[in-house]
Amino acid sequence: MPINKIVDSFDEAVADIEDGAVILVGGFGTVVSAPSCLLEAVYRKGVKNLTTVSNTSGFGADVWRMQGAPFPEDMDILVRNERIKRAIVSAPVSALYVNNFEKLLRAGKVEIEMVPQGTLAERVRAAKAGLGGVYVPTGIGTVVEKGKEKKVIDGREYLLELPIKGDFALIHAHKGDRWGNLVYRGTSRTFNPTMAGAARVTIAEVDEIVELGELDPEAIVTPGVYVDRVVARPKVAPAQEAEITDAQALESAAKTRTEVEETIRRAKERGLRHD
Amino acid sequence: MPINKIVDSFDEAVADIEDGAVILVGGFGTVVSAPSCLLEAVYRKGVKNLTTVSNTSGFGADVWRMQGAPFPEDMDILVRNERIKRAIVSAPVSALYVNNFEKLLRAGKVEIEMVPQGTLAERVRAAKAGLGGVYVPTGIGTVVEKGKEKKVIDGREYLLELPIKGDFALIHAHKGDRWGNLVYRGTSRTFNPTMAGAARVTIAEVDEIVELGELDPEAIVTPGVYVDRVVARPKVAPAQEAEITDAQALESAAKTRTEVEETIRRAKERGLRHD
Amino acid sequence: MTEALEGKGRLDRQIVALRVAKEFQDGNIVNLGVGIPMLACNFIPAGREVIFHSENGVLGFGEVTLPGEGDLDLVNAGGQTVHRQPGMCFFGHDESFAIVRGGHLDISVMGAYQVSEKGDLANYMIPERQVGTIGGAMDLAFGAKRLIVAMNHTTKNGEPRIVKECTYLLTAPECVDLIVTDIAVVEVSSRGLVLKEVAPGWTPEEVQELTGPKMIIDPECHEIELM
Amino acid sequence: MTEALEGKGRLDRQIVALRVAKEFQDGNIVNLGVGIPMLACNFIPAGREVIFHSENGVLGFGEVTLPGEGDLDLVNAGGQTVHRQPGMCFFGHDESFAIVRGGHLDISVMGAYQVSEKGDLANYMIPERQVGTIGGAMDLAFGAKRLIVAMNHTTKNGEPRIVKECTYLLTAPECVDLIVTDIAVVEVSSRGLVLKEVAPGWTPEEVQELTGPKMIIDPECHEIELM
């Protein structure tokens, strides 16, 4: 029988995720790099006490709706609904405003293990690649070294960092085929291919499903061997709720925008811009 | 000034390789995956006492000339000319015939460190990625574990494997640009991207140099940041010496060919072939 | 070995490969080692879809091509050219062995010089030359979910290759799950070796005579199907 | 801080970014952190070619686009859309940090809360909230060949950010090479901090007054060029 990893719905794709599962969540921080619909489906399923592994703890749908994102949910949907028991995360809070994760943290409603971003990537890769651990220099002389084995190798100090393996990996790709081969789009690649294959079950949310053979074999980023299920986003974007409530997040976004405009003006003034 | 990593000749590309250097050599075993012209240039330069790091110790130009390879040199050019003091290698000898490396080994003219292929890849990657070492399960309970630190992690035994960093990495890619971005072709990718960036200086021999921007940013395999020099093969293949002398290697190749033909016939007989 | 057994017909390399291929289940990710194993890519049972991995950085390639007709940039681990196939993809060596070591292969098939009762594998040191080539064999033996060995049942001198304890250097301890030879199919189980199938014209007792350790004869033990 | 200094004009964020960009040499691979550093991609000195790395898996991107005009799948580490550029390429997070940790970046520029005399960096724990975000900062601080900090010279309350010993949790010890602030350019050297440049209208002594440890005034100390 032809191999077919394509699953018809997001709810079906996450049907076997149970309370207490360890979930790797791909993406960087931007919603376009996140497995939005899978995160929504996990929320809908009602599972709780999750351990999540991700780069950020999300910015919330409001911020992304403002940008016009058709699929605006990110990690924040699991954060604000208090589905997370323990977060292994690199960038949990924002310097610019107090996010929902920080509120939970202050309320003692979530445990955190903060991991340097590169170490997080390497630990996840270690699980995928069957390594028992890796020695990284990052974190020596900081709080990150606490409780970790140190070793001097070739005159430099390193920390032993252990693999992070998930029960499930939820990732977002641009295109996928029935073997699970995936390609990404631009900077929305990030943690997605790193996490693919680092869990017992890897589920890929894709913008588009293509026929086997349509993806260029030289350009496939994630070999199908790492992927168990592929599910496509609907072609038509869901209706957007209009209400945007997170005033702090919006203000911060607007401030950044103003600054970019000013910078471009200044660079042009100096003849340093090309557009 | 525009960045320009393109070098005009192979001799110029290897001009600073000195006696005793540690050289990572890309490719798998097939000559089409090897940096043939760079290896020839290293030979021409006359350097000796090299430590080489490669998957095989080469099959020799004769075998490849028989296949019609326009650039037929592989690791064997450094082996048969006794330029290697120490070889870190995964597949040094052939089960089918006695190669030049085995002859040197028997004569005590070369030291060897044999490394499982996946461990070799991981050790080279560790150097590139700034890791102090990695724990691998491969080799536990075999001679490979000799002299290595063992550690039980999560109930399984692992060996500590240390990075292998080169002074130079010689690799072969299909296309490259002036920033050093590279793409490969099919199964000739192998160790080439793994070794790119794992040495102080990485030199890429390419089939073709293309304009910056011609390579698809989604399909670039080796980011230019890992590459220091790019040098193109001549468009016209060098004249081939006709004489083929390695009878044993030729016989082994012919035997394999006969077997493939027989297998295809049998599969067709059973209706299991599609061509 | 008795003279009678010495003269008996044995399966040739193609038939051994054919038998090995019957182990490939729908959707399996399979790595084929150099030699007999590689031939198995030509014998996928009809109606099944199997994805082949090769250590030189490819997944999903097709059957071997006629010699001289293939693309030299599309070869298996033995350097044989293979057919392009939809769904195929390429990757570098670190990724290729992340797949192997990380346990992402369902089946690995390789040759061997010796396999022990416990499933220890010895296949890298060339016995008569005291040199060897580890290559990808160790990683595969440690990483694959299921390891099938395809080999001749005895050495050229008639010595058993299935032995109580390996006398050659190990590639990996306790890793082999199934042994397909030119006269039998033997399973390595926690109870010991189990003889599952014999070549046409061979009795279980004859196979036992050419095997080091005592095997359990499976009650269902039958003749190897050749189609 | 004396009232006189409090009122003095300081460089704005764009000018600090412009000054930082003057450090970029031809062919440098440069990572720009969130905030002021990111603005520097707009100010590459004329005639130089610089390749920007961003932790989210891209090398060789161009200047930031006007808000709303860019491709959301082409952003820098701060989520700002940037221009496509010939030579650009994308990669996953493991590769992105192999580049960082492996020492393949020439320059990393980031913000900071505090920098010590020895070049210790504290930039992840938000002082007033006792929470923080490590992100890619630690990897960058450990991995880059040269680390430039861009920050305000003092806190909102006028306290020096360049200090004898960091009182905040460290991102990395002894890693900073150059500090570009809104009033000065300070080099971290084995001899101690060296004041290299001051903002227009500021004297070295005035800068010293707002700096924790005693600085060496470079004999060549001059005004920061603003073009």
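In order of appearance the chains are A, B, C and D, and numbering begins at 1 in each one.
Quick note on the criterion: a residue touches a chain if its C-beta (ideal position, glycine included) is under 8 Å from a C-beta of that chain, and two chains touch if they have at least 3 such contacts.
These figures come from a predicted structure and were not determined experimentally.
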item: Pair of chains joined by more contacts [C-beta pairs], A-D or A-C; value: A-D
item: Length of the line joining the C-alpha centres of chain B and chain D, rounded to whole Å; value: 40
item: For chain C paired with chain D, centre-to-centre distance based on mean C-alpha positions, whole Å; value: 57
item: Approximate Å spacing (C-alpha centroids) for the pair chain A, chain D; value: 26
item: Chain A: positions in contact with at least two other chains; value: 122, 125, 129-131, 136-137, 184-186, 217-218, 221
item: For chain D, residues contacting two or more additional chains; value: 90-91, 94, 97, 100-101, 143
item: Category of the chain touch graph - line, ring, star, complete, other; value: other
item: Listing of all chain pairs that touch each other, if any do; value: A-B, A-C, A-D, B-C, B-D
item: Chain C partner contacts - residues on chain A that touch it in the complex; value: 1-3, 125, 127-131, 177-179, 181, 197, 211-213, 215, 217-218, 220, 223-226
item: Residues of chain A that touch chain D when the two form their complex; value: 28-30, 32-33, 55, 67, 69, 90-95, 98, 102, 105-106, 114-122, 124-125, 136-144, 184-194, 221, 256-257, 259-264, 266-267, 270-275
item: Residues of chain C that touch chain A when the two form their complex; value: 26-27, 29, 47-49, 51, 53, 59-60, 84-91, 94-95, 97-105, 143
item: Chain B-facing residues of chain C, complex; value: 13-14, 17-18, 34, 39, 42-46, 54-58, 62-67, 71-75, 78-80, 83, 90-94, 96-97, 100-101, 126, 129, 131-139, 142-143, 169-173, 227
item: Complex contact set, residues of chain B against chain A; value: 122, 126, 129-137, 151, 153-154, 156, 158, 162, 183-186, 216-219, 221
